Structures are given as C-alpha cells and as structure tokens.
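Same chain, two partners: chain A is paired with chain B first, then with chain C.
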Partner chain A sequence: MKPKDTERIGQFVSYGYVLAVSVFLLVPFMVTVIRSVTYSLPDGTTTVGLKPYFDIMGSFWPKVYLSLSIAVTTIMIDTAVGIPAAYALVRYAFPGKRALYTLLNGVWYVPGICYALSLILAYYFLYKWALGYWGFIAAYSAGFLLLMLMTCIVAFKYVDPCYEESASCLGAGRLTTFFKVTMPLIGPGVSAGILLIFVLSFNEFITALLLNLPTKLMTAPVRVFAEITRARATPYIAAEAAVLQLISLAVVVVYLKIVGTKYLRGVVLV
Partner chain B sequence: MTRILAKDVSKIYGNTKAVYRVSLEARDSEFVTILGPSGCGKSTTLRMIAGLIRVDEGRVFFDDEDVTDVPPNKRNIGFVFQRVALFPHMNVRKNIAFGLKARHVPEREIRKKIKQALAIVRMEDYENRAPSQLSGGQAQRIEIARVLATDPDVLLFDEPLSNIDAKLRDELKFEIRKIQRETGKTMVYVTHDQGEAFAISDRIYVMSQGIVDQVGTPTELYMDPSTPFVAGFIGQNNFLVGHIESLNSSSGTGTVHSDGIEIRAHVPDGLKCGDKVTACIRPEDIEILPEGKREPGEATKARIVESIFLGNTTRLHVDAGGTILKVDLRGPERFSYLKVKDKEIIMSLKKCTVIRGHQT
Partner chain C sequence: MTIRDRLKPLALLTPAIALEVGLFFVPLAMLGIVSFTSRDSFFFTPEWTTKNYESLFSVFSFDFQVTFGLVIVAAFLDLLLGFPFTYIMTRKIRKYSDVFRAVMLVPLFGELYIAYGFYYLFLPGGPLYFILDILEIPALKAMYSVQTAVIALAVYTFPFAVYNIGISLQGIDPAIEESARCLGAGWFRTFWKVTLPMCLPGLLGAWLVGIGWGLGAFAIPVMMGGAMISQRFLSVEVYSLALLQLDLGTASAIGIVLALVAVTIFYFSLKASRGALI
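This part shows the complex of A and B:
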C-alpha cells in the first residue's frame, strides 16, 4: 500500500468517526423534531405538518413565559448577589475561607432531588410568605447562585490585583475602580454565569416539579413531563419539547452573537 | 516637588518582620533607589509609602503632611508596577485618560495632557493601540506616560524593568532618569539590579532581611561598604575573614591576619587588636606584579588556579596560601594570562576595606 493511500484511509476513518459521534449526539434531537411534525389524521392516515405546534400554542406558551420569567429574574438576583459575594470571597482573607470553598464545591455533588428538597423546605415551608412565584424565585436564586459564584470567583482570581491597585494610585475611588476596572475584567465570568443559569434554570425540572403542587405554578419542563406520564410521546408533547430545545438554542446563539465568545472561555467551544 | 519621609516603618506578618523600623528619605527632586535581593522588604517599603499596604508601625510623611492613613487615591502619587498594569479593556488613550477623569480634569484638558504625556515617552502614534498590541517595553513606556499625565507629586517604581529584555532595559533606565531630571519629580525606585541602581540613582538604600543596611551614593557604597552584606551584594568582592593583628592608632592603619595572608589596610575607628574582621578586596584591586619586581611588605605570593576570558576582563582564580581569590585583569594585560595555569605569581593588594565582623 502506498503512503498516500494510507493517509487517505486514515482521513476517511477520522471523518467517519466524527460523523458517527455527531449522529449519536444529534439523533435524539432529530427524533423529537421528526416526531413533532408527524401526526395522524382522524381517518387514520399519517401526515407531516406543523399542526401540533399550532395546537399547543394556547396551553403551552403561558408555561414558556413563566419559565422565561423565572430564568430572567433568577439571573438578575444571582448577578446582583453573586458578584459582590465572589469579590469578597476572593479579595478578603478570613478564617475558614478554604473550608467555605470546599463546602461550595461539595454542593455540586449533592443529588439534585436532595438539593431541590432542601431548597423547598427552606424557602417554601419555612417561610410561608414565599408562597407562589416569589417562593419559586427564592428557591431558584439560592439553587443557581452557586453557578454565578463559581464563575465569578474564578474570574476574580484571574484578575491581577495590580489593576485595582493601579487604578487606586491613579486617583480612582473604590466604586470607580470596581465599575470601570474590575467589572469589565470579570466580564467572562459574569457572562458565563448568566448563560449557564439561563440554560439550566429555564430547563430545570426537579425543583419545579416538587414546587408545582403547593404553588400551583407549572413551568414548561414540568408540563412536558406531566404530559408524557399522562399521554406518552404524542406529536404534541414532542412539539413542546422541541420548542424548549429551540428556545434554549436560540438564546445561546443570540447571546453569543451579542456578548461574543471571547467572554465565555471554557463554557462554549470556539 | 515633594519630600518623602518614611519614619521607622514596619510591616509584620505573624512572626515575620517583612520590614522592620526602616527610615527612608527622598528629598525634593531626588532619585532614591531601594536596592536589595528578593524578599528583603524593598517592595513592601515602597508599597507602604504608596499606601497600598498598611503600615504596622511608624509614619509616612509627604512634605510635612502625615499621609500614613491616607488612601493611595488621595496621595497624588504615580506608581509604576513590575507587571504592566495597563487596563486591557481600554486603549492607550483611555488608559491615560483614566487617572485624569478620576481627578475630574475637563475633557479638553485631558486631550492635551494625553498628547503631552505620550510626547514625553515618544509614543505619540500609539494613542489608539490596545495594550495587547504593545511590546513589553512600549507598554511600560505607556504606563509611565499614564502616571506622568496625572502630574503626581512623587513617582514610585517597583522593579519596572525586570520583565523587559536586557537591551531595552538598558535604554529605558536612562530614559526614566532623563524623565526624572526633566520633570524634577521626587522618585523612589525599587530594584534588585545593582547596575540599574548605580546608573540612575542619586542615593541608594541597600536593604537586607527587612532592614536598611547602608545608605549612600553609588560611589560611597562601592568604595566604602559598611557591612559584610553590602560588600558582598554590591559588585564582586574577595572576603578574607580574620582578625586585627596590629594597629597604628595615629595613622589609622593596621594589619589584618587571615589564613596566612597579611593585609595592610585602613582600619575603621572603634576596632582594636584581636577583633574579628573581614577584609574585602575587589578583584580589580589586585595587581599582578611583573616578574622580578617586588614591593616589600605589600606583596603576596600566589598560584594561578584558573583563567577565564570574559571579553573586557580576564578573571583569574588564584590560590594565596590556601585561600582562593578572584583577580580581574583589564587592558592589554588580560591577554597575557589566557590559558595560564599553575603559574607562580606575586600580587599586590592595592585597596582593601576592613569591616567589623565575619562575612558568612
């Protein structure tokens, strides 16, 4: 066999491998979309069309709005709380700092259902005032704050204190230094936190399912779950799932277009 | 123009005295350098002067004003860091404008001052560049321009050239000196590089282990080191540990005995016969006498152990009664001892500084 042929075979195998992995990753999404546009007519024949999408509009869209509203409010609260908290954790020395870091890391490894239950116990049953929408927000903000904290802590750690010292020596006060120098430099961390919180809170399911009963609030993912348990995988449910996928994807793409990938190192592939 | 005075300042971390009772003065328009090895407390001292580190003991004065508890942004200082601290999200113009805006300088004035500052460092064409588009030397120049634009009372430099390659470092150190002369600003400059300190300073504070060892002009430090540390840190030296054998109190000269070598030298006041001392002889202060010529009482026999050609000098390692001494030869003489080994020579110790105590 000539060396050129070996090279060609090698190339063919590697392309084939990438293709196989891509198919493996994309098939579930494709199947959902195909299922959502394939439905039966009353006479028993199967056809392709967007009817399931139009049919779910009235009942499903309010759930999507609710999920979007919860995600955006959670992002706003976590950004406002997370940035100063991360700054304090990184810049100030205090006893037990390492232990606190370990605890924060440990939270990742708590099973989702246990974490969700703790949040509900804390923010719903403990504080009766937090019934309804704001109970939801309290549980979500606490649950996802860690994401913002982590990304911002990493960002602050990578900001050399000499920038802040330099700003101070140039005559800038603490607030000017924070907003004009520190904040732009931690941009990658904040934007990564925002993106992660959006995707995860918009699609969050366990806490939302547990909160559904007491609050009577049903988010979009819970609605999809409820429908599946009730009616199995109908084209309507597939359409709802596809809508959720598309919204997440659209938000990520628009976000990347606006913010740019340079601020999201390590969170997206560029 | 401002006089800086740090009076008995200390910085203590737990049980470690990073800086202990250091007093430093930089007079109006003076260029003062703090020189010392890494970890000696020189940067900590400078950062205390800037207000970036809290002073644990002692006070800092700018002229007669006690600024010990004044935050850095209220001190009107210019601080140039070791790492380039240009804000990466702002271009050169915005970087320079930052300090001016913080001082509420009107917009039109800001534009003028940016141009002036860039002209001083000869970087007028770089106004719109991003810091990432600048080389290390260019970035440090812009950093100096940014600091100068705010017209600070004092300029503080924390090893600004240590991350720059040797050739550019040489160029920039003289430029900093020139800027200091032209602006008349009081400067405190921190470095571990003796050559850098000697080239640009009016006076040098040599620090070791958190304290000031000696203060003086470059010539004073070189010619007359007062501690074994300074003698060892500034330039090259041969250390001969021994004791004072004899002393002529009227002339102030005496004989130091060290491992079979007798050295006649000026003995500082307060020393008496039998005191432990270190005789410091610079390699260039040892002369090899031509064969046949011998000055009685001043000459020492030795044997050449090694000869290293260094370009402008030839370094000889010679064995004088069991003690290995470094000898530097300059001029045409340096070619006569190339690849010479095991040759008996007679040398004369032209200048020797006697220091109390033993160099370890």
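This part shows the complex of A and C:
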C-alpha cells in the first residue's frame, strides 16, 4: 500500500471516530427532539407535528421567561464583577495571587447539591432578602463568576499591554484607555464568558430545585424535571426539554458563527 | 510603588471577593456548623453532636461505595473514548474541527437533558426498543441499569475530560514526536513510547476531573440508576435527607465530606493536567 493511501485511510478512520463520538454525544438531544414531534392521535395512530409545542405555550413560556431573566441578570452582574477582577489578576503582580484565584474558583469545584444546600441554610438564617428572585441571581452570580473570570483572563492574555501603553502615551486617561482600547480588544473573550454563563445558568436546575421550595419560584429546567418525575416521557415534556436545548443551541450557534471557538479554547474547549 | 498602586488590584478584586465570600464561603461555613447539629435542631435549639459524621462510616458507607463506584467507572469510560478523540482532534484533523469542538458544548446544557434523552432511548416503545427486543434484553432492565447510568454519566463528564486531555496533549512539544519519527520509530511506537507516557499526568487529571464532575450529578442517578442508585447516590441522598426527611445535620455532614472530596480531587486534577491559568 502506498503511503498516500495509508494516510487517506488514517484520515478516514480519524474522521469516522470523531464523528461517531460526536453523534453519541448528541444522541440525548436528538432523541428528545424526535420525541417532541412524535405523538399519538386519539385513534391510536402515531403522527409527526408541532402540536406538543403549541400545547406547552401557555404554561411553560412564563417559566422560560423567568429563566431567561435570571440568566441575563446573572450575566450583567458577573460581567461587571468579573472584568475588573480578571484585569487585576492578569495585569498586576501581588503576593497571594494564585491563592486568591484558587479561592475565587472554589465554588466551581463543589458539587451543586452541596452549594445549593449551603445557600438554602444561609438564606434562611442570614440573607432572608434572598428568599425570592434575587436569591437565584445571587446564587448564580457567585456560582458562575469563574466562567467570566477564566474567559476574561484568556482574553487579557491575548491583548498585548503595549496597546494600552501606547494609548496612555498618546494622552488617553486610564478610563479612556480601558473603554476605547482594552474593552474592544477583549470583547470576544468577554462574549465567550457571557455565552457560557448564559448556557449554564439558563439550564441550571439543582440549585433552582432546592430554591424552588422556599421561594416558590419555578424555573424552566425545574419544571421539566418535575414533569419528568411525574409524567415521564410524554411528548409535551420532550417539547419542554427541547425548547430549552434549542434556545441554548441557537445562542451557541449564533456565537460560534460570529466569534468562532478561539476564545472558548483554553476555557472549556481544546 | 505607592500604597495607592498596591491597593488598586485589591479594589478591582473586592466585588469578586465579596461575592464569593458572602455567597460561597459563609454558606459553606454554615453547612459545616449545621453538620454538627442533630437533625433539624439548628432551626430551634441546636443539639450539638458528632453522630452525623459517625453515621457516614456506618449507615452511609454503602452510599459512598455506590457513588464512587459509578463515577470512577464513568470517568474511566471517558478516558477510553476521550483519549483517541482528543488525540485525533489535536493531531490529525483540521477540517470541520470547529464543528466537532462545538458539539462538546452540548453536554454542558445539563445532565437533565442527557438523563431524559437516555431515558426515552431505552423506554419500551423508544428508539432502541427494537434492538433490545432482538437482543432479548428487557427495556426496563436496560433503562434502569447501572451500565446505562454509567454511559449517561460519561456523556455528561466527557467535555471536561477531553479538555484536560487536550491541555496535556497540546503541552507536548511536536518536535519531540518528530525526533522519534526521524530516529526511525513508526507512528504507533512514537505514540506508545513518547506521546502516551508524556500525557499520562493529563490522563490522570482527566480521570479525576471526570470523577469530580460526576459526584455533582443529580438527574442521571435519579432517573436512570434504578432503585439502588436513585436512592443511594450521595447527591440524591443529600436532597432526600435535607428536604424530605428534614435531617439537615446528616445531609450537611454528607455535603461537607462530598465537597471536601470533590475539592481534593479537583486540586490533584489541576496539578496533574496543569490546568491552572495563572
């Protein structure tokens, strides 16, 4: 066999394997979408259509709006808090920097159920104001801050400090330099953080499940979980799960179309 | 350097520190305090006890075995599938690599959807029903089996494992592999004698990170594991004890141990795979 043929076969096998694994990862999503458009008619026959999606409109969409609202507010807080923190971590040298970074990351490494239970206790005893909508915001802002920190750190590392120094030398003040030079350069990196926080906070359900009891607020993923445990695999539950995944997927696709994967590499992608 | 210059990073970091201290460290400290009280007595007159921790070694030791057994096997499956995947992604293919990378983001949508997808897949009348029927495997047995729970957990933790393996593979200087090839080693020998030994710490890191993320799973054990796993998996046990049985003391004790184990695992994972960013 010629070396060129061997290489071609190698490429074929490589793509085949990567494709097979990718399909395997997409199987849960694909079967959920298939289930959501397949339903039985009163006469017992199975048909394909969007009826389950129309059926859930009235009761499910308010939960989706609540989840969207929580996700967007979380993003705004984490952006405002994460950018200055990442800037300080990248641009300044100070003792204990690594330890501080590790501490800021701590929440990310604790299982969701432990974090959620500790928050419930703290909300009951210390932060009674948080037993409501703002409890979700507070929990997610602290829980997902790391994502903004990581993406902004990667973004700041891409930006050569000489651009900022040049702006300063040309007479720009610190704030002007930051908003006119640094921010546009780190914009795609910040957007990667926004994407990740959106995807994770919009779909988060363990903390939301525990907060659901004292706050009486039910986010969309908690509603899906509650429905699954109650009625299992009916088409309208599949439609609810599919709606949440399709919204997330749409946001991911739009982001990747505009920015690509560059700023997600080194954070969640190789 | 003036004091003002020294205080600048602190000022920039203060909101982040306040957020994490107020909403992570303080609640975690509360969890620690509650773990030394009996049942829900913390709400009324705290009855201090160490029995919650003692019960972890007696009553809940089987739960620890079930949980760790499941996540360790799932993380191992991640390595088996993830290492060739990452190797190909970083060494072999360029075209469409961004599409395959984007697929890695889908499991991040959450384990709830993974659990639901697999649940429906194995359901009587579901997409795999005919294959299971031919193989004479009862659908319900397949749906609530340990194997299905392991596969679903592996899908959930796969992107995190791949990321860690990727960091390790990208850290290997291509010149080292090229040198081996120039000295006459074939592709397989180069891989076996050079690449694989060099990324072993990364593989260890990926395995640990898979275990760490697996410990936080909730929907997969609830929906897929059958009676044993859905009741014995630690995160489900914490939920059940705290919210259904109101035994906050024991739930908090399990939570503290689970958190300590997870943080230790992630610490060693980051050390092994050089995952730290700064």
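One rule holds in what follows: the second predicted complex is superposed on the first by the 214 of 270 C-alpha atoms of A that agree within 3 Å, B and C clash if a C-alpha of one lies under 4 Å from a C-alpha of the other, contacts with A are read in each partner's own complex, and residues count from 1 in each chain.
Basically, a contact is a pair of C-beta atoms (placed from the backbone, for glycine too) under 8 Å apart; a residue touches a chain by one contact, two chains touch by 3 or more.
Predicted model only: the values in this text are computed from it and were never measured.
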Practice task
Report for A:Ser141: first if it touches chain B alone, second if chain C alone, otherwise both or neither.
Solution key: second
Exercise for the section: Please indicate which partner A:Gly173 is in contact with in the superposed arrangement: first for chain B, second for chain C, both, or neither. Expected result: first
Exercise for the section: Scan A:Asp160 for contacts with chain B and chain C and give back first, second, both or neither. Expected result: first
Exercise for the section: Tell me which partner A:Leu104 touches in the superposition: chain B (first), chain C (second), both or neither. Expected result: second
Practice task
Give one of first, second, both or neither to describe whether A:Leu185 is in contact with chain B, with chain C, with both, or with none.
Solution key: first
Exercise for the section: Applying the touch criterion given at the start, work out whether A:Ala85 contacts chain B, chain C, both or neither, answering first, second, both or neither. Expected result: second
Exercise for the section: Would you mind checking which one, chain B or chain C, touches more residues on chain A? Expected result: C
Exercise for the section: Check whether A:Leu119 is in contact with chain B, with chain C, with both or with neither, and answer first, second, both or neither. Expected result: second
Exercise for the section: Report, in rising order, the residues of chain A that make contact with chain B in one complex and with chain C in the other. Expected result: none
Fill in the blank from the handout: Within their complex, chain C touches chain A through residues 6, 8-10, 12-13, 15-17, 19-20, 22-28, 30-31, 34, 42-43, 81, 84-86, 88-90, 92-93, 96, 98, 100-110, 112-121, 123, 126-127, 152, 155, 158-159, 162-163, 165-167, 169-170, 212, 215-216, 218-219, 222-223, 235, 238-239, 242-243, 248, 251-252, 255-256, 258-259, 262-263, 266, 276-278
Completion exercise
Per the touch rule above, chain A residues touching chain B in the complex are 160, 162-163, 165-173, 176, 180-181, 184-185, 187
Handout entry: Residues of chain B that touch chain A when the two form their complex
Key = 50, 52, 71-74, 76-79, 81, 83, 85, 87-89, 98-99, 102-103, 146-147, 150
Completion exercise
Within the complex, chain C is touched by chain A residues 10-11, 14-15, 17-19, 21-22, 24-32, 34-35, 80-82, 84-85, 87-90, 92, 94, 97-98, 100-101, 103-104, 106-107, 109-115, 117-122, 124-126, 138-139, 141-143, 145, 149-150, 153-154, 196, 199-200, 203-206, 209-210, 213, 221, 224-225, 228-229, 232-233, 237-238, 241, 244-245, 248-249, 252-253, 256, 260-261, 264-266, 268-270
